[in-house]
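Letters A, B and C mark the chains as written, and numbering starts fresh at 1 in each.
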């Protein structure tokens, strides 16, 4: 059984075209494949949000899983296409940092992510690669080759990939400054902080109750917790923090010590 | 072939983590599993809407299907996790009523739904269960055990589960009062009424044409019909009833006799 | 391995009911089936948008694929249900033109799409077909029969199906007039033009840069390109053309020669 996951900002129907390409190329091996859609509603061209969704998901997949990630504002330019191997899983997508936080999260001491450039886009299919949809015309065919047993190193020369990090929350005079990486479907604000502040904090003058679980706050009470993804998260119990504070992904906020 | 369905209010990428956990634990049995996503766009924490979507779907699945339902505002509190068996299908999720209407709908005379408490959250995985995501850390591992053959009764002691009902439309002086259970993607308003009123009705002064099928109404004409799910439904032919009447799930309405 | 795709305007949870019906009827053959969701977020009752999504996707699927398409404003009326065979793929859905552009796109010289009327809705299941959900009650059972080996011609008499075309862009005094077929998730405007205008153009007074790939335009610069689907497409690099020009599917626009 081989698992192929897909993550993109494509929204509707383009992911199905990638699956059609994969199933066509896998032919009678298609029976051994399970597709899992991680997300296709990443905000358009938000590489950082896509990287977060991938990072927080890959640890739940077994060895051998192939992840195709496509949030690719520079498609059709000279940016490289990559295959990255880390911790027994394989990543395929553009060289813009999207894949790297997830790949790094799987590394073990002495075993760092290995990245290979997809050397030739032309040999991958009968049709020439479109200039606007490498997910279907390059990355899906590459993933099919990998699923059929081709080694990542066989795809092209080793390269040093572009990385992406979520930054680090910074100490300020009044507390700590952080960036919102992602706003999830509940309106929870996920911050670039791997642990909770050491002190009680307020946001825009409103105290955030420090809890282990949403329901420890009262109804509509703002809170801060360490989310299941391992990042600090601001939420409103049974409410929507993004709406309540009028914040969105990419915004910087200051958590003031109380 | 074993079918596992998933229903949640998670929106993006958390359902994929549940599938990763399931596939990892099923290992070489994963080949015999088919995942079906029922819905992940249940309005956040709207247990009633989730219960409706589950209720209206389970009758179309074969014996042996395992349904994981997670709309869980009280995650991390003392609320129980349940396994419920009914009519040859199995349900896994929180003890907040989400699973019960669906489970009851499959019962046969003398065979009522049997509910079991998930006795220990700790034995289910190598990592400690997060306080905010039991779908991934508790219910998915339990569903994997069930798919591998563990019996529902083996999960813990029998309990009397919390139930949920959609209420009943009530006779009023002027007609009948009902609650909107669900607003579907077409803006159709699904009511807590299992049959149409016995008399012609109007809503907010507007006559609702009684039809068997949307197209029996004129274009943009409001109508009432018995939906394919077995509940009365207010629609606007080729239009959007929720927008036209400015109504949403949870609203109470009065259908006045004409 | 048999692939069954699904396309609809159903949004949430109704597609899962179709899959439940299919899996139930395929029984022990279900193991050989792969479902691929093409899209379920087609704008409600927008047959043309559904036809475009299907047309642009089917070429990526292998011979033998069965496509169920349901955008069906006239459900429950006398409109026919169809099975269409073309280029080795099979289409199931309403006779309203939804399936035809995709089916025609697969034809080869001398092998035109063959359409058959679904002769009897009654023999398909134990329950009577609902008047509002033929996707689940008619088309899914028909697709199950086809997946189990029944021939399209065995479903009913040959008929001449209703067709749909996207029109043709027209030459005007000042340039060319086109219709927006589809607005994708990036806000890109897909036009009913199979090639780019032969001359430089502006839209609403704004010059559209003619590019092969989005990134050839500057940030927030409007552009026109031949999309990966083979239709001309107006986009704003790293922006949203539908919002920038306040346009939507169905709108007619004039591209003026500069």
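As a convention for this text, contacts are C-beta pairs under 8 Å (C-beta built on N, C-alpha and C of every residue); 3 or more make two chains touch, one makes a residue touch a chain.
Source: prediction; values computed, not measured.
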Chain copies touching (chain A, chain C) - same or different residues, decided at half shared: different
Rotation angle superposing chain B onto its copy chain C by C-alpha atoms, nearest 5 degrees: 120
For chain A paired with chain C, centre-to-centre distance based on mean C-alpha positions, whole Å: 29
Two or more partner chains touched - positions in chain B: none
Residue ranges of chain B touching chain A (in the complex, touch as defined): 9-14, 16-17, 19-21, 23-24, 27-28, 30-31, 33, 35, 44-45, 73-77, 130-133, 136-137
Complex contacts: residues of chain C adjacent to chain A: 1, 3, 5, 7, 32, 34, 36-39, 41-42, 53, 56-58, 60-62, 65, 184-187, 212-216, 225, 227-228, 238, 240
